[in-house]
Amino acid sequence: MIFEANLGQERYLVEIAREGEVYNIKIKDKEYVADVRKIGEALYSLLINNHSYDVEIRSNRYSHSVVLREGCFQVDVYSQREGRMGVSGAPLEMLGKVDVCSPMPGRVVKILKEVDEQVREGEGVIVVEAMKMENELRSPKEGRVLEIRVAEGKAVNAGEVLVVVE
Amino acid sequence: MIFEANLGQERYLVEIAREGEVYNIKIKDKEYVADVRKIGEALYSLLINNHSYDVEIRSNRYSHSVVLREGCFQVDVYSQREGRMGVSGAPLEMLGKVDVCSPMPGRVVKILKEVDEQVREGEGVIVVEAMKMENELRSPKEGRVLEIRVAEGKAVNAGEVLVVVE
Amino acid sequence: MFKKVLVANRGEIAIRVMRACREMGMGTVAVYSEADRQALHLRFADEAYLIGPPPSAESYLRTDKIIEVAKSSGAQAIHPGYGFLAENPKFPLACQEAGLVFIGPSAESIRLIGSKLTSRRMMTEAGVPVVPGTCEGVGSLEQLGDIASKVGFPLMLKAATGGGGKGLRLVHGEEELASAYRATRSESQSSFGDDTIYVEKYLDCPRHIEFQVLADQHGNCIHLGERECSIQRRHQKIIEESPSPMMTPELRKKMGEMAIRAARAVCYYSAGTVEFLVDGNGDFYFLEMNTRLQVEHPVTELVTGIDLVKAQLLIAEGKPLPWKQEDIHQRGAAIECRIYAEDPDNNFLPSPGKILGLTIPAGPGIRDDGGIYEGYEVPIYYDPLLSKLVAWGSDRQEAVQRIRRALQEYKIVGIKTNLPFLRKILEHKAFIKGEIDTHFINRHITAGTMEEVPAALREVAVIAAAIHAYEREINRTQQPARSSQQKISRWKEAGRQAFLHQNR
Amino acid sequence: MFKKVLVANRGEIAIRVMRACREMGMGTVAVYSEADRQALHLRFADEAYLIGPPPSAESYLRTDKIIEVAKSSGAQAIHPGYGFLAENPKFPLACQEAGLVFIGPSAESIRLIGSKLTSRRMMTEAGVPVVPGTCEGVGSLEQLGDIASKVGFPLMLKAATGGGGKGLRLVHGEEELASAYRATRSESQSSFGDDTIYVEKYLDCPRHIEFQVLADQHGNCIHLGERECSIQRRHQKIIEESPSPMMTPELRKKMGEMAIRAARAVCYYSAGTVEFLVDGNGDFYFLEMNTRLQVEHPVTELVTGIDLVKAQLLIAEGKPLPWKQEDIHQRGAAIECRIYAEDPDNNFLPSPGKILGLTIPAGPGIRDDGGIYEGYEVPIYYDPLLSKLVAWGSDRQEAVQRIRRALQEYKIVGIKTNLPFLRKILEHKAFIKGEIDTHFINRHITAGTMEEVPAALREVAVIAAAIHAYEREINRTQQPARSSQQKISRWKEAGRQAFLHQNR
């Protein structure tokens, strides 16, 4: 099976075949043999060409979060079919409306922008308090505030859409 | 619901009623309120009259193994019906044939008795090696070796019957 | 000796205090909010009492309820930990009224130190050098102008009753003075209910060096050497060490004497910390005193061998200090990293949630003071500190090597933490050389944790993700045919669990 | 400096060694048997190679395969840990032939020390007191009679090539002599392939005191003080401490000098241990020397501040010792408990199996050197040592208090361990007073762990069990009506899981 993977700016083609407990992998013309065991919730022991890695993997659709001893990597993986269909590449949603969501449960302390106000990329739009910290959430793109869905003082859940920028 | 519980030589009558997350317990005319949360596999946090206990509980039919910070307790618990039917009390099996089982996987190193030989209570009948240790398994009662089901050098599983004493 | 001690706190510090109590044979009483029924400090204690809803104002800050629990449970003393009620002078008074011992300094010491202007005055009188500036509130903008021309720019405007990085402003030049004056006063009023502000000279790239002191109720006072806490992010310490790599025996002696003088000036007893800023010339200035156990106290414990919580308990019992200054010896070096539930790749946003997997480092020289366990759900209501990882080594190099090794072993699965960010600091050449000051992070460390990773490691990440995707793909196409009799490979099981997880 | 080190071992000691390598920036190579694919030492290493089936004779004892892996992986040196190949003189020779560095002493030192008669002779020549007895093999029963009348009863018959508690017999009087002579020779022949035996005086209730030595390849040799290992069960150490509660500075100096003399007598280098028996008069006798890292090395590390594995690495690299005798200082006290997978309530039978829950103690003064994790299945093939818990305190009392506290925190769910047995020893008055010798356990500790528990605690156990039974009962009667939509209480879920568990 062939996959397309993106890590940062780099794009990889990965070919995988499994024989029993062992995976044969081709990537950039190099070949790897991987032996994989599940060690705990989202935790795996990988032996890749006899190199040992304890890896935490968590996925959400294409997006894989991979934690190694040396750091955390965001890898997007698409099956060849999906890859050809152009799912990969620049996130589509950046082109139209973008939601500013609360990444954690908390309470809205301050709304910094009004509807119709212009925002720059990276500019703060709303402040949410969680774990005794005030956290400024920023607009991921330049645009105009289309909608504000919450009020100051309101409790919000993780993933809740707070502001929409167009 | 009323239970009969045995711990060592002591016998307890325990009355339990649940209201929501809270249990009301009567034992030896004393009353307790218990709040219970599952913390992990077989691990619970108990608040009994505001005393905090981290308890590991594992059960096998009547037999409960309860581990507190201070030690491990074997508690046999019977529902009232079972209790009245005389299931509790002296183990029935002690009266007839008794199996000497391997408590762990291992390998038979030596058989110390022959069929028909007399054994005393607590006398060794067979030696099983596991984890680099030779372990003498003993007869739980006085009697006669009725059957030897394994040979020296044989690998055995946990719970496997090795010798039968009558 | 106390028979039973109530710990009016939660998280790692509550457990730290209970460990000391348990070792001394004292019973431990926990208090907990509704959000903390499954918290480790409750599980750890001998007794535990619910004191209110999740917000701290309704639970961990409720002096009345906590004292009620202490009395009804038969506790004789209360340890406040740090934060919450630890530096509120009303709390020791309330304890006293209820016939309970407060494990900490007197209410009067806390009050004197809590007012920044008062403490600046008292320190100046005692001959302790303070950061140049005013010891009186600034009365008007005009007065501020006069002061500014004497102190010089850049300068800091600070709330007299402030703390925690709030109510302060850096002023670079005259043109910023007026707006900063108004803003600081207004923030000070709204945050602390008092608009008194004062001026401090701004020290460029100082080092934050603090001295641990111990004083008993019989007039004995010693210091236990310094801690360097220059590695800060947004005025928040994240890495601390002892001894400081810039310290000399002569300077230690001088600063230690000043720390003792500062403690004596407010008739201090219990464990306390005198914080100084040290500039590039080795000149040092009193910044403030913390009238409680510090988060970073373990580095001092590892280097001196003295258990500070046990010392607090002894002092609170009225016993004399069992050590004289000459009994205190620093041995080797210790470094602490604070492990927070926050996402360094996303602007350090807090990251509460369930801890699905937890591997705590161990082995030679490693101490972990934690408040979490596998399966624990980190609540949204409290400070994001999960744990403190501390390493001891025979010298600073070994301590650094050990904490780096331990940071690699640390695995917290399920929530984001600052572990990758800490690793990055610990691997920086300037840190390894001990070339640090309070601007270290801004100068040297970018938030992202992905760059500069060897290509081979990136490929490993890609392979792991691709295998994960492969199994999900296989799993998905075979799903209709699946039956419970089918043998499922370990990985497939993994894939399915991950799948269930995202759909939850 | 070595770039890459192969660790020819498994379990906690493999991890201990790898931690040192990693701190020093060396790559680590693990070897593993088919039973150990999920073992922690494999997960911990940078590289890992399969070397054979589960039995150690086919994997961890396969010199040829291990050396092959070392060469193909590019490792420059091999650390043997303890056990397995650590004291086999053929292994360093094989390493040498393959151009690899053996991290340990020379083959010749191991050989000399491995033969008990040779080492008794050499020690006697070097002026080190040995346990009174013979330094030659006993030629006949007649000769034995002559020797016995000189040495006096009780006496020990020992195999000259013996070890590990095998091939030795206690003889109380003349009437037992003949049968013991025959039995020991025959056991010695069958266990070690050599029927040479010798005689040692039996010391009544001695203390087991050993000295840690460090020697380099340039003739420097120092000692790092003593460890007391008198708490033994069936000749197996289970609790060790440093310093010994019976030690005086004078005796330490004398024994330390003898330990160095013993090491020099066999041209020793690397870390080694000289074991002595000490009788009630304070007279001490050389027992044997261990030419490897000891299981109990951490107590010395905590007290002296020296990392013994790093010292071994330095010495193996040919570097001179960085310390002189006067640089070595003992600080405070340390105690180690060995945590075994064995059932103290059932004759200490081994207890392999899956670890379902694991809470490792932490906090001030606690070090855990472990080889397990939650979810790990302890295999049946190897030594049952799971972990070593070590506590440091500013004095023995604090070390004891801390390890008692830590033993209470330790939770290993799923398999039986000796934790309750260890707690019992640590709570015994005679232990707390330091009144210990090698017969301590037989004299003071009964195996069962249930007796003497307060009635209130027994009631807690009964309540917990009854609630568990209640939920299972409720669950069972409601089972037909259950549907996936129904909200299941946490406890019910627990009950069901327990149920599933027993039916597995």
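A, B, C and D are the chain letters, set down in written order, and residue numbers restart from 1 in every chain.
The rule is simple: a contact is a pair of C-beta atoms (placed from the backbone, for glycine too) under 8 Å apart; a residue touches a chain by one contact, two chains touch by 3 or more.
Source: prediction; values computed, not measured.
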Most distant chain from chain C by Cα centroid: B
Approximate Å spacing (C-alpha centroids) for the pair chain A, chain C: 30
Averaged-CA centre spacing for the pair chain B and chain A, given as whole angstrom: 50
Chain B-chain C separation of Cα centroids, rounded to whole Å: 47
Chain A residues counted as touching two or more neighbouring chains: 37, 40, 51, 54
Residues of chain C engaged with two or more neighbouring chains: 373-374, 408
Pairs of chains in contact (touch as defined earlier), listed by label: A-C, A-D, B-C, B-D, C-D
Of chain C, residues touching chain B in the complex: 30, 37-38, 42-49, 73, 373-375
Chain C-touching residues of chain B, taken from the complex the two chains share: 35, 37, 39-40, 45, 47, 50-52, 54
Chain C residues touching chain A - in the complex, by the definition given at the top: 341-343, 345-353, 356-357, 380-384, 408-409, 411, 413-414, 420, 423, 449-450, 453, 457-470, 472-474, 489-491, 493-494, 497-498, 501-502
Chain C partner contacts - residues on chain A that touch it in the complex: 1, 3, 5, 7-8, 10, 12, 14, 16, 18, 21, 23, 25, 27-28, 30, 32, 34, 36-38, 40-44, 46, 48, 51, 53-61, 64, 66-75, 77, 79, 103-106, 130-133, 135-138, 158
In the complex with chain D, residue positions of chain C that touch it: 15-16, 19-20, 22-25, 298, 301, 305-307, 331-332, 359-360, 362-370, 373-374, 394, 398, 401-402, 404-405, 408
